[in-house]
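Chain naming follows the written order as A, B, C and D, and within any one chain the residues start at number 1.
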Amino acid sequence: MSKKSFRQAINEALRQEMRRDPRVVLMGEDVAGGAGAAGEDDAWGGVLGVTKGLVGEFGRERVLDTPLSESAYIGAAAGAAATGLRPVAELMFVDFMGVCFDQIFNQAAKFRYMFGGHAVTPMVIRMMYGAGFRAASQHSQCLYPIFTHIPGLKVVIPSSAYEAKGLLIQAIRDDDPVIFMENKVLYDQEEEVPDESYTIPFGEANLTREGSDVTIVGIGRMVQIANAAADTLARQGISCTVIDPRTTSPLDTGSILDSVEETGRLVIVDEASPRCNMATDISALVAQEAFGALRAPIRMVCPPHVPVPFAPNLEDLYVPDAARVEAAVRAVMQHAGKQGARA
Amino acid sequence: MSKKSFRQAINEALRQEMRRDPRVVLMGEDVAGGAGAAGEDDAWGGVLGVTKGLVGEFGRERVLDTPLSESAYIGAAAGAAATGLRPVAELMFVDFMGVCFDQIFNQAAKFRYMFGGHAVTPMVIRMMYGAGFRAASQHSQCLYPIFTHIPGLKVVIPSSAYEAKGLLIQAIRDDDPVIFMENKVLYDQEEEVPDESYTIPFGEANLTREGSDVTIVGIGRMVQIANAAADTLARQGISCTVIDPRTTSPLDTGSILDSVEETGRLVIVDEASPRCNMATDISALVAQEAFGALRAPIRMVCPPHVPVPFAPNLEDLYVPDAARVEAAVRAVMQHAGKQGARA
Amino acid sequence: MQLNREDLLRAYRTMRIIRDFEERLHVEFATGEIPGFVHLYAGEEASAVGVCMHLGDKDHIASTHRGHGHCIAKGCDVSGMMNEIYGRKAGLCGGKGGSMHIADISKGMLGANGIVGGGPPLICGAALTAKVLKTGGVAIAFLGDGASNQGTTLESYNLASIWKLPAVFVVEDNGYAESTAASYAVAGTQSDRAKGFGMPAQVVDGFDFFAVHEAAGAAIERARAGEGPSLIHVQLSRYYGHFEGDGMTYRGAGEVDRLRNDRDCLKRFRSKVTEAALLDASELDSIDHAVAEQIDTSVRNAKSAPPPTEADLLTDVYVAY
Amino acid sequence: MQLNREDLLRAYRTMRIIRDFEERLHVEFATGEIPGFVHLYAGEEASAVGVCMHLGDKDHIASTHRGHGHCIAKGCDVSGMMNEIYGRKAGLCGGKGGSMHIADISKGMLGANGIVGGGPPLICGAALTAKVLKTGGVAIAFLGDGASNQGTTLESYNLASIWKLPAVFVVEDNGYAESTAASYAVAGTQSDRAKGFGMPAQVVDGFDFFAVHEAAGAAIERARAGEGPSLIHVQLSRYYGHFEGDGMTYRGAGEVDRLRNDRDCLKRFRSKVTEAALLDASELDSIDHAVAEQIDTSVRNAKSAPPPTEADLLTDVYVAY
């Protein structure tokens, strides 16, 4: 056990799984870097250095730099998975899914069903998501609601380094296509991460904190925002449960419903665009399945329905922060009861 | 005024707008048909004959058969829209969005915001959606939740021939990128449609029926299913309001909230895959904004989280039908009150 | 690869099965009993069979919406296919896929595909598996002239080329994508495109089984030898509409009849092998009869076979969830 | 197009503005004051300027993530650009776009683009507008060697070709896509690819303004004359990393220094026009001074300019909603 960054945790998960299973191969743009160039090999290890060092250990047959052709190589990962490899493909930024989405949602995700259960497609697609990098509209999106919408995909969104390692190892061992989303703002964040390999099962939420007044569900990095808000609120006498679902598909509906049965109040923090996102998904689940327990409106803390802006001051306004979560929690705490709720 | 099919209504809308405005051009695979072939020109008029006859009137300079290159021609529509044309591009089946999504969501949808308000991109992308054709997993999806999720797009889903004509004319005159979704099962359905041109504004829901017990919101063809259910329920003494939002983006939140304030009960019927879909979106809206009015859990009637199956008996089970809507309405009517709701 | 008697009989039988399968579907579709979209391969048989004769179960193919011929040539069970097309539980995909999604991965058949251009990237993956796991296998993408304009296809040419994958791209150019002529929609030539991505290409007459067989043999041998991908431009024609229900008004008068009379791959095969005294006409006749019976039985069985059960709606989405 | 004195001065000034703009950003980025990703165009100036000298406001270009040079060459306001890069309200996009999304549609500049291969389809559209509305305009897509492997680009070649659009594809081949060499990632040649889609191609030395200018002139003239699209393969190099922060360890030792010394487009332009006595060195010197001052002012102003207001977060998503 030692302190490792989110980046290192992912690198270690990849390395350990590649050692364990020769069928695991990596592919993506610059995942090694320097292919065909005169200078250093392994020059990049991914655009933010996450896969650095792996080509040195596993060679270019298993760590494949790709051309700028996402449909071809993400589709190749699907075809390879269906025929015996266990590829981990990197899409770099989730924002690029628009040039290769067909291979993900119509091919990989549907093989098993369309083919009557006779296909197994064990692939992982890793990608960065999220705002905070001043990278503007085309490099800052979340988009996991889109993948969550698609039957046949699993969607994993780790909230910390420890989570990232265990969930990625699980993803690689999983026999279904897995979308693995890495919040780029977290890469340098460190925490204690075991050296040995371990898995965190899908569909089992993590209650990062337990309280009695309000349930807060956060997605990915928003778990941290939720925890920060809960800290402040605790000092003010409001006791929150914070739930990290870890995977949005499958979603651990039981943990969320159980918690709301106890607290009677729900706030959801989602960094994704607000329409048809995870906040609406979880809210709808609870409004259908735990309505009787609800003592206040469900509140969603999300960005506005606008593309991610470039200017730092605007981007900071765009992303949900702890202050907004605190305000939402206070609002549901102050709610008088069932009558006259429409504010 | 005369009886026209949904198909004819769309054809007429296109024809009238092309007559009115020479900047309106059509493009898509086989929208005329027969390009370069030895036989009949205008051989197809779209895969299900929707654009038949238009090339005869407007010529091949304005009715453009395209190669099988969705990224190129949908992107071309975006580029043409930004530079002075008003293109109506046809994607054929929404299921094909995966090969061209980038041009829709990262280009057309974001131009205006990324460019600080200096771009205008008046384009319409027409496409078929929905199950019922025994067309299996890759030709039967809804996917409008994905477009609704994207800021910068407008999403229109007409529920009948009358609606289709008025909404399509509005879409063509609109200055933003519009996704126009046509349920293929409706093409042969007829109703009275005015001969003259008319528009139906976006973001104004249509209450196809008003009642006092339950609000039912249906999306696209599901409005018809909702109305059929409401007919049956009316005979059983349950009085429903049925709301057709017409556009999911913008969404007429006011009409939905007002209705729930009156009825206190909400059922949403959405043919899209159940996670992060319009049913969750509307449910979440109401659970946040009209919670105090709710007298029962919100119920969502959606397909299961599976790809669309091929076998007719399975497909019929997959799509929400009136019986399921009726059952959901009865369930919310029978709900005892706020306590013990979790069933 | 030299063709012995067995091979010739197999080639003829396979082409005949495809032809009868499709001709019969054409008839049955008209009765309204077959659900969904059906794209017939009749007329193009020499391509699927000429290519797949070189392949074994460890080799993979990816097919298209017009997939029946490729499935049969790659060894998919014919009655399993017929059941699938009728939406039956006993179908190769349990009735969940239908005509556009028939697959049998155990036979190396990675699926018909409802997305034009869906297959070529997958084939890069199958070829990568062969390369990394050193299976000796090759991977073949069948694609149409229309699909040759899809970005996914063109990217795959490049990827296969730079990775020197054991892959072959078989462009089945039947002159049309739906109602749009290739002469309108395809700029340049298929061979020049291959060259643009550093691949060799061959152009072959797709009515001639032997020509296809030879070209495919060379391309596949090259791939197996680790020399990388190549492209075969097969020029052929479809006898029926794009899908059943297409009136084909865009085709020139008599176009199909002429092709059927003058160039048909089965007729040509028959006259060639009988004239060269490689096979007897009677042997071929008895294949014809046996195949007719086989197809008849498979249709009769499929018509009365049970559909999937309600529970099947929810299974097979994930291995575990 | 013959280049008169005015043209030569303009060409030099524009290249110099681009160079100084980029060199200065390189310095300023290191201070940490510039937000986001910044991709510098320094070294490639002759391409943007050689092409855009032929264009007016009714002609359109689509650019890339490495867009500053194209913007400046197409006439975007330099201080508006600098403000944009600093995220200021006075930026060309109100601070909402940043380096990767600078656009000025009134100048025919359809935007830098954060998506590699995003531009070529758009340019087909701009060219279609020119054709349908008979504006006489042409549309140019700039794209990198990396982008030449993107399906969107390859589809656009075909679409432009079959529609005979007044379009030109300028492949700026700087030998790398991020850290990956074109020699590894690009199979075939850019010219052969063009041929595969029925387009003529020219290969030019991208350090030589005059070579680019001539090739672009011919391609643009062809497009304006209604003879369809073509491709120009411009061979050049970038002086800085893929983006600021890239250590460029993948490049050969001394690679950039050699290029800067031996082939630099500004040096070459200067020696050519002074040796031929077309312009005086002193004229060029005074341009250098004026440009240095202009860039300095624009940076100084941008640093102290106000950011967008909170309300700006929510505006400009739709024309009306």
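The definition used in the following text is that contacts are C-beta pairs under 8 Å (C-beta built on N, C-alpha and C of every residue); 3 or more make two chains touch, one makes a residue touch a chain.
For clarity, every value in this text was computed on a predicted model and none was experimentally measured.
Chain centres here are means of the Cα atoms, and by that rule the chain farthest away from chain B is D. Mean C-alpha position of chain A lies 36 Å from that of chain D. In terms of their C-alpha centroids, the spacing between chain B and chain D amounts to 40 Å.
Residue positions of chain A with contacts to 2 or more other chains are 66-67, 69, 71-72, 95-96, 98-99, 102-103, 106, 113-114, 136-138, 151-152, 305-307, 309-310.
Residues of chain D found to touch two or more other chains are 93, 95-97, 101, 113-115, 149-152, 155, 158, 162, 184-186, 317.
If you sketch which chains touch which, every chain touches every other chain without exception. Put simply, chain D touches chain C in their complex at residues 149-152, 154-155, 157-158, 161-162, 184-189, 192-199. Only residues 60, 62, 91-97, 101, 103-106, 110-111, 113-115, 118, 120-126, 128-133, 135, 139, 151-152, 155-156, 158-159, 162-163, 315-321 of chain C touch chain A when the two sit together in their complex.
Per the touch definition, chain C reaches chain B in the complex via residues 35-37, 87-88, 93, 95-98, 100-101, 113-117, 146-147, 149-152, 176-186, 248-253, 255, 307-308, 310, 312-314, 317.
Chain B meets chain C in the complex at residues 29-30, 33-40, 43-44, 47, 65-72, 95-96, 98-99, 133-139, 304-307, 309-314, 317-318. Those residues of chain B whose C-beta lies close enough to touch chain D in the complex are 23, 25, 61-62, 64, 66-67, 69, 71-85, 87, 102-103, 106-107, 111-120, 151-152, 154, 174-176, 203, 250.
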